[in-house]
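Two complexes follow with subunit A in common, the first pairing it with subunit B and the second with subunit C.
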Partner chain A sequence: MGIVEIRNLTFKYANSDKPSLYDINLSINKGEFFLITGPTGCGKTTLCKCLNGLIPNSYHGDFSGEVIVDGLSTKEHPVYELAQHVGLVFQDPENELFCTSVEKEIAFGPENLGLPRDEIRKRVEEAMAMVGISHLRERSPYELSGGEQQKVAIAAILAMKPKILVLDEPTSNLDSLSAYSILNLLLNLKKEYEMTIILVEHRLEIVAKMVDRCAIMNEGRIIAIGDPREVLYSDIVESIGIGIPKIVKLAKRLKLSSRPLSSSELANILKVKK
Partner chain B sequence: MIEFHNVFFSYQPDKEILKNINLKINKGELLAIIGPNGAGKTTLLKHINGLLKPQKGYVKVLGMNTKETTVATLARHVGFVFQNPDHQLFAETVEKEIMFALINFNFPEHEIKERVERILHELDLVKYRNKSPFVLSGGERKRVALASVLCYDPSILILDEPTIGQDYRQKLNLINLISKLNKEGKTVIIVTHDIEFVADFIPRCIIMSDGRIIADGPTEEVLTNSKLLLENSLLLPQLVEISLALDINPPTINFEKLCSIIKKIIEMKEL
Partner chain C sequence: MKIFEFEYKCETSIIHKLDPRAKLVYVILFTVLTIYFTNPLILLLIFLSSVPMAILGKIVRKWLISIKSSLFFIIFIFLFNFIGIFWTTGKIIDTIIISIAMTIRFISLISIFSIFFLSTSPEDLMQSMIKLKIPYEYVLTFNMAIRFVPTLAREAQTIIDAQRSRGLEFEKGNIFQKVKKYIPILIPLIISSLRRAEVIADAMESRAFGASKTRSFLYTLTMSKKDFIFISICIITFTIFLFLRMFSYIQ
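What follows is the complex of A and B.
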């Protein structure tokens, strides 16, 4: 069984006339780096909210099927308990940050769990080290750049020690270099700490080569799932209008027999030595 | 039609944000300004609609010196769509939001109706007309902000980070709209971090860094200068990265051109 198991999940918001998710079935393995992408309004954010139990616990609507994270059914466990197993990072870090220093921000979650002082201190140190922001500890989150703020938001979630990290378009308000730095950080969390990472992201040209598997969503359904080399090179992806990496377009146009996802892979295929 | 002449500006003494900016933009141009955070891009834009006035030098817009012209007068000619739509949206419904500027500029009632209708269709907002802008998604709110400016038909359009929160298809819609407006004679200035968007669609590109303009020219020239881009913390366009990896010199941002170069490499090596 995967660390995340979704079975026949259908959800309709109370004020909506049709479901945002239709019959989703998905199994994600421990330690997997899993990418979800798709056009705006396809249900990605709703799916994220199902993963940490915000749906069905805090949103009204019709929920059917089952979501099991780290062995816990989200229907049967409260959000604060699920938060210690699965952490959710949102698009805009400004909406999540509110403390006067980075350290306090990161300590907030563990404090609310009522942990002993030493444990809190230890977790804050670890979380800052994991994302590489120990040098920012005394700064106010508001004077940091967008990329640094997003790292603080990620550290604040890591301090809850979740096994699963879910990120909903964490780079969409960032410039491309900061985005690159955040996405590399996620790859490192997977490699160094064996975290399971579920990432909703549009920057396929950066993440395609990092992830183990990806799923494409459209109109509330998963329409393709598998190795990014299979999925991104399939024709279905082009038809729903998502931003396919240029390397893929190029390889398809040139009718190459292999499927590169990075420029260095292409250089190898073409036997160009630098 | 827009001219910056030896422009200096600082918010605090001793910390100059714009350092001797010289810039000419002709009527009907479509151009992008890129550069790292804090380069002075937004400060420069605010000089075009007169929100900020130069401390040294001058800025002329359509022949008007911005120091001698009110923001209200300039606003009729210079439409500004901010990076964060929440900084400009405030009305109860999308429709009222769009009508606001039209009413303020004293357009006749029948024309207000007609313009609102047209712009709602053009930006795919018809289904939201009676909704509050604040229940919409970030990408949708951006389109509402754009609609509220486009409706009064300013001849200069300034877009600060228009592609944020837009997916690929919406970006294509956006560039189609921008190209259409540009063909109708509007001058369009875009500030963005989205280097792919610039590489694919925008003919002229300016790079700002540390308060100065450090490059200004055809996009194909500016964005293939990999050394300059990397020195200024800018990520290379995907096609430039591919060009470099394949040792193609000079690199290119043109997809078709790169395809034919690679075809030749394949033929030469008989792969």
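What follows is the complex of A and C.
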């Protein structure tokens, strides 16, 4: 059994007339880097909220099926308890940061848990080291750049010591360079700390080669799931509005037998052919 | 118009380093004094006693700005008192003395409060509220309100720009028409604030807000020797002023 198990999950918001998620079944293994992508409004954000229990605990609506994260059913455990197992990072860091210094921002979670001061200090230091922002500790979160703010938001979640990290389009407000740095940081968290990472992302050009598996959602359903090489080269993804990496398109046009995901892979294949 | 310069700049003067609770003692004692006395000379003395605080706190410039920006109210209070008292008593000299006293009282109050706010960081203020046993939820609400003012201002500016580019003219029309033109600003602003509030609530819950009844803190305030010395000085000055009152009775 995976660290995240979703069984027959259907959810409809109280004020909407059709479900945002239809019959989702998903199993994610421990230590996996899992990518979810799909066009806007396909239910990715709703799925993220289901993963840390905000749905069904804080949102009204019709919830059926089951979500089990780290052995806990989200129906039976409050969000604050689930928060210590699964951390959720949101799209816009500006709304997540409300303290006067980076250090206090990261301490907010552990403080809520009522941990002793030494433990809070230890966790803050660890979280800052994990994302490499120890030099920013005294700074005010709002004077930082977008990329640094997002790192603070990630560190603030890591201070809760979750095993699973869920990120809902963490790079959508960032330039490519900061986005690249955030995505590389995630890869590092997976490799070095064996974290399970579930990432909702549009920048397939960068992430496709980093992730272990990916799922594509459309209109509340998962329409394709598997190895990114399989999924991105399948015909089904072309029909919906997601940005397929140019490398994939090019390789398809060239009718290559192998399936490259990055420019260097493609270059190697072409060199061999020559 | 800015009445108080609330904006806090991180400085490290003696006054900044004092515990906010000690400064609160100062504010309370001296506010009581300014309300208690009506003699313009003593009120002037109270005002002058706040000057060294501003100098020690290295906030003289900002302190002057906050007094200057309340000039309108100062003139208003003087005129209002003058007309009011002259109307009822008809004695010109008494009227002038009382009006001046009221004006000085107002200036002293502004001075005392702006010294407090200029030398206390929002974070310290929050911590002292917690120490004063105010529930954390209220303290956090207060903190958030301060925190999201610039965010809201930026959003309002974006909405104003958007409505302008769609042809809304703010400059035209009489006062009622102008006020009416702010409705297309307010409605989107309120809606986006509500949405933002929802996202913030989600983010807080995701960081275990409300997990434990007894929340702990990374930093807390502790009263040190210099705070007790400061409080003693305040109490001594307070008593001296009260003696002045008795003295003036004997006279």
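As a convention for this text, the second predicted complex is superposed on the first by the 271 of 274 C-alpha atoms of A that agree within 3 Å, B and C clash if a C-alpha of one lies under 4 Å from a C-alpha of the other, contacts with A are read in each partner's own complex, and residues count from 1 in each chain.
Keep this in mind: contacts are C-beta pairs under 8 Å (C-beta built on N, C-alpha and C of every residue); 3 or more make two chains touch, one makes a residue touch a chain.
Everything quoted here is computed from the prediction, not taken from an experiment.
When both complexes are overlaid on chain A, the residue A:G226 reaches neither subunit B nor subunit C. In the superposed model, A:G132 lies in contact with neither subunit B nor subunit C.
By the touch criterion defined above, A:N95 lies against subunit C but remains apart from subunit B after alignment on the C-alpha atoms of chain A. When the shared chain is aligned, subunit C comes close enough to touch A:R117, but subunit B does not. Of the two partner chains, subunit B is the only one that A:L270 touches; subunit C does not reach it.
In the overlay built on the shared chain, the residue A:L254 is in contact with subunit B alone; subunit C does not reach it.
Common to the subunit B and subunit C interfaces on subunit A is no residue. By the touch criterion given at the top, residues 39-41, 91, 145-146, 172-177, 180, 202, 205, 241-243, 245-247, 249-250, 253-254, 263-264, 266-267, 269-272, 274 of subunit A touch subunit B in their complex. Those residues of subunit B that touch subunit A in the complex are listed here as 36-37, 137-139, 164-172, 193-196, 233-235, 238-239, 241-242, 244-247, 255, 258-259, 262-263, 265-266, 269, 271.
Interface residues of subunit A facing subunit C in the complex, by the touch rule stated above, are 49, 52, 54, 58, 79-81, 83-84, 87-88, 90, 92, 94-96, 98-101, 103-104, 107-117, 120-121, 124, 142, 156-157, 160. In the complex of the two chains, the subunit C residues touching subunit A come out as 121-123, 143-144, 147-148, 150-151, 196, 199-203, 205-219.
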